[in-house]
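In what follows, chain A forms one complex with chain B and a second complex with chain C.
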Partner chain A sequence: MKNPKRYRRQYGIPIFILFLIITFVAIMILSLLAPVIAPVDLAVTDLPNRLKDPVFRDPDSPYLFGTDDLGRDLAIRLLYGTRTTIMISFSGMIIATAIGAVFGIIAGLCGGTVDIIISFLTDVRLSVPTTFIGIICACILGANSFTIILVIALTGWSSFCRLVRSQIIQLKHVKFIESSRAIGASGLRILFEHILVNIASPLIVQATMSLSEFILLESTLSFLGLGIQPPNTSLGVLVSTGRNYMLTQWWLAIIPSMVIILLIFQISLIGDWLRDKLDPKLQNMT
Partner chain B sequence: MKRYVLMRVLKAILTIWFVYTLVFFLARLTGDPVEWMTAAGGASEEAKQQLRHNLGLDLPLSTQYIRSLAGLFTGDSGNSYYYARPVSELFAERIGYTLSLGGIVFLVTIFIGVPLGVFAAVKHNRPADRLTMAVAIVGNTMPNFVLGILLIFFFSLKLRMFPSGNIGEPLWRYYVLPVIALAVVPTASAARLTRSSLLDVVRQDYLDSARAKGVREWKVIFKHGLRNALIPVITILGAQLSTLIGGSVVVETVFAWPGIGTLIVNSAQQRDFPVVVFGVLVIASSVTIVNLLVDLSYGLLDPRIRDSY
Partner chain C sequence: MNRDIILSVSGLKKYFPVRRGLILQKTVGQVKAVDDVSFQVYRGETLGIIGESGCGKTTLARMIMGLEKQTEGEITFLGKKIDTEMPADLRKKIQMVFQDPYSSLDPRMNIRRIIEEPLRVHTKLSANEKRQILLPLLKNVGIDENALQKYPHEFSGGQRQRIGIARALILQPELLLCDEPVSALDVSIQAQILNLFKDLEETYHLTMIFVSHDMSVIRHISDRIIVMYLGQIMEIAPKKELFDHTLHPYSQALMSAIPVADPERQRARIPLKGEIPSPLNAPPGCPFSGRCAKAKEICHCQKPGLRHTSAQHYVACHLFAEGCEETL
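Let's look at the complex of A and B:
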């Protein structure tokens, strides 16, 4: 008979992880609804009210987090900034996963020369640090949100490709696949019915883990001035502009920094938990 | 084994050449650098033509490529558009600052991260272990430029303990904050890896037999256990080098550090292609060479990998 406590530990969600998931979803919903919630647009400047104190410095202030150097409400810019960051990293993640999975499937199934070429491309990508690929692309294509999505796709695909390739090579010789081939199932049918189902869960874990990397990449590039350009905003842009006022209005840089830390922390812990849950083999890897 | 080494070296050279060629042509595809340089207006057509001629940009693309590739072997890396000086000179001036920063970060990772991991593994599942790992998990997810900003805020602006950037006298005080900003992630990751790797090794029989022979416990852990536990740690840390180099570029920018990271970021913003292309070449080569060394040492240690070639 199953021990209920042990059952809960194995299959239930720990309270802490549940809390992280709820806060993460709340942040996502709030930021995606930014245009609905925010009373004014993110770019509206209000020079007489520049650099106003936030509520925690002046309880009568109408601005929750104060205003920036052009009188724009930091709370509103924070909502829009989080929105940009999340939308860009999510679209990048989807594209990177798709490219990586397709390349991985091709490399794993075809083998031979195709596999060697794809592995070589993976090596090439890994020999240039992510930030550098971002710098080169921004330098060549100009700094905007499409460049960042492209950078995420260009840098992110390799880890998915490696994962899918190794999974497929392992699966190719597993008994149930060999037997379905023996009873005459077509290659495509095996691919969709057996292989994709089996690589789905490691792929989901990898996608979650890499989402935090992509959020970091977006904020880093925007922070360096090689990503989102003002008056549009993202978390990186907010930190980079707030940095000039650290001596007097420290919260302009520190609050967006905290949001970045919070997002990355939430996603990594949720990803760790998902990995342990979906793939017990990997439990003690890192 | 000879064949394995030869194959890996050839592959590394091919990788570096491919990266260089890719970046070279991509950089030229985006249009005429002279148009970017004279975007402010006021330059006559003859002046632009003269500038193109001086920079060698009026030659066919294939000639430019062969020239720059040949230049790498003869030590001529071309001139920066912005500084009008040889690119190699610009790098030589700055690389010391970048390497010293990276070297100290490496030492911190080895001499703080690994012992922390051993400590946690020895105190397995006790509060000390839990606390160390909680700190390591937070450290592992800390984005380094954000950490840099927080460090500047607390230690330079509030407490006024350390300078917020650049370089000056006494030298060591200028290293403290950039080193912390860069070292936190690899140190935390080394601690976590060492702990889990050592916990796997501790269960092996040969440690029990060492204990049975009367070897002291610390010697069992450090001499017999750690030696074997470190192999996967070094492999994974080697693979993370690329992330560390990428991170150092950003941290250098945050602290206005006079290293090659700041140079490359500024050159990218100014579209100073010779510097960017050369910078990518330097970075890609160092990552590839370190990965090659890690791979080769792994091949030496593990006969199964050697035999697969």
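Let's look at the complex of A and C:
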């Protein structure tokens, strides 16, 4: 970079956000590497050691976060649980974004009847409660991780679709699109070179923001027993089983809840920062 | 001047339907944005089109650019009829500079990509070849070479308009259409950009259609002037002829509105009464009849055709009906 000052202004990251990003990436890596870090069979129970105290209650305890009602190490289960939750919500997000973006582009560009039909579908989707869709899917397809991904995709696409559609309708009448048409650029070139580039940043931001929603959705469905089935685990399953011991071993529910809160907190703040960062007008003000 | 016709427009009309109703939309009327306009543009000249806001200047420009489909009429460019479906080799030869330099540049493209876009669309040149075309052009329009990596929001309005001009000129078009290219700029910048247009006209032997609502701008830049009112042509004349022998009462009113930098000089102002009529229900006769001080009975009921009064002077006014050449 020729001009370091300019570089820092454009790509400079506040320390707090940097910290959030580093911890988020660390959690991701740790949880994705769970089978390497702690190669255990999740189904193996150890009943004599059930409900052991965590380190902060009994400093001599060999278990960092204690053990659950079947004697399994909560720390290890937390790693595997976070892994499941992150994998499911990420793949759900990617599918939802893709479906939403494609529908949004079609609705925005075609207009007319196509737009009316797609907008109607979006409204229909938004009028059906998410949990209801989850219950129906779980009944038909059985409760497993693919069902949750499907539910996330089925419920998540509508907000992306609305966003992309409105952005495209707005962009269609902006002068620089007309200017490219005047030059003789084809519709496809305008779509890829101008429209997609201009809707990419709101889309990225929306995707990060909705990621926290999807983590919550996964946890909700698993908590309700419609998602991940034992012995596999997810953050929602951990909260749901820990709930039974709220009065005596409160950490069994609180620690996984804290992980959910931490993840959502990180993602939301990173998304917020991304939104400001990707807006050239806000960037200009600094 | 070479009298080679580069663009000819005949009987061009653009009516926008006005729809009412929530569910069953009915067409309740038509806005006659451009109503039966005919003119020619000769190679090498700068044709100014002047008129108030809403008189159809921009719609006319958009139709010539093929951005809007005409309701009726023909546009012939370099001997070929054009409309919204223009073959690429013709499209290359007609380019446009837009009014608003803020929204006409993609905020997420750097200047190099913005200016080179026409080359990417129409040619398959290597990066180096593009650079060879780009550099002299940048010098001519007055953009610094180091600015190429920057983004539009880092530039002022005048600079952005220079970028817009470079983008329009990079294919070396035969006809450059400028739709109010200076009206969004400060007056001091306006002069710079106008002079840039004059310089570029010489360097690139441009033929230009220059649309504006500002008579002093038009006077500065044009060789020939078309005066438009409510979608129709009121008067066409070479600049000198128009300023020396203004015929149409509307043109006279426009002329009298040009400010003169001399506080001593008394000017005969011709104030126009009333508002420009809605193009939704234009008067049946001359569109200007309602505001014209010299309107006769015939003006209110019969539309005047465009008449030849001298070599290159055309006027659409009953006051100059053939056989009765009135002097004013």
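Here, the second predicted complex is superposed on the first by the 265 of 286 C-alpha atoms of A that agree within 3 Å, B and C clash if a C-alpha of one lies under 4 Å from a C-alpha of the other, contacts with A are read in each partner's own complex, and residues count from 1 in each chain.
What we mean here is this: contacts are C-beta pairs under 8 Å (C-beta built on N, C-alpha and C of every residue); 3 or more make two chains touch, one makes a residue touch a chain.
Keep in mind it's a predicted model, so treat the numbers as computed, not measured.
Q: If chain A is used to align the two complexes, do chain B and chain C fit next to each other or clash?
A: After superposition on chain A, which the two structures share, chain B sits beside chain C with no clash.
Q: Have a look at where A:197 lands relative to chain B and chain C in the superposition and call it first, second, both or neither.
A: second
Q: Pick one for A:57: touches chain B only (first), chain C only (second), both, or neither.
A: Once the two structures are laid over each other on A, A:57 reaches no partner at all.
Q: May I ask you to name which of chain B and chain C touches more residues of chain A?
A: Counting residues of chain A touched by each partner, the higher count goes to B.
Q: Using the superposed model, give me the angle at chain A's CA centre between the CA centres of chain B and chain C, as a multiple of 10 °.
A: That angle rounds to 90 degrees.
Q: When the two complexes are placed on top of each other via chain A, what is the minimal CA separation of chain B and chain C in Å?
A: The answer is 5 Å, the least C-alpha separation in the overlay.
Q: Do chain B and chain C land on any of the same chain A residues, and which?
A: 284
Q: What residues on chain B touch chain A, complex-wise?
A: 11, 14-16, 18-19, 22-23, 26-27, 29-30, 137-138, 140-143, 145-146, 149-150, 152-153, 157, 189, 192-193, 196, 199-200, 236, 242-243, 245-247, 249-250, 253, 264-265, 268-269, 271, 273, 276, 279-280, 283-284, 287-288, 291
Q: Using the touch definition up top, name the residues of chain A that touch chain B in the complex.
A: By the definition above, chain A touches chain B via 120, 123-124, 126-132, 135-136, 138-141, 212, 216, 219-220, 223-226, 239, 243, 246-247, 250, 253-254, 257, 260-261, 264-265, 268-269, 284-286.
Q: Considering only the defined contacts, which chain A positions touch chain C in the complex?
A: Going through chain A, the ones touching chain C are 174-176, 178-186, 189, 193-194, 197-198, 280-281, 284.
Q: Flag every residue of chain C that touches chain A in the complex, lowest number first.
A: The touching residues are 65-67, 86, 88, 91-92, 95-96, 98-100, 103-109, 117-118, 121-122, 151, 153-154, 164, 167.
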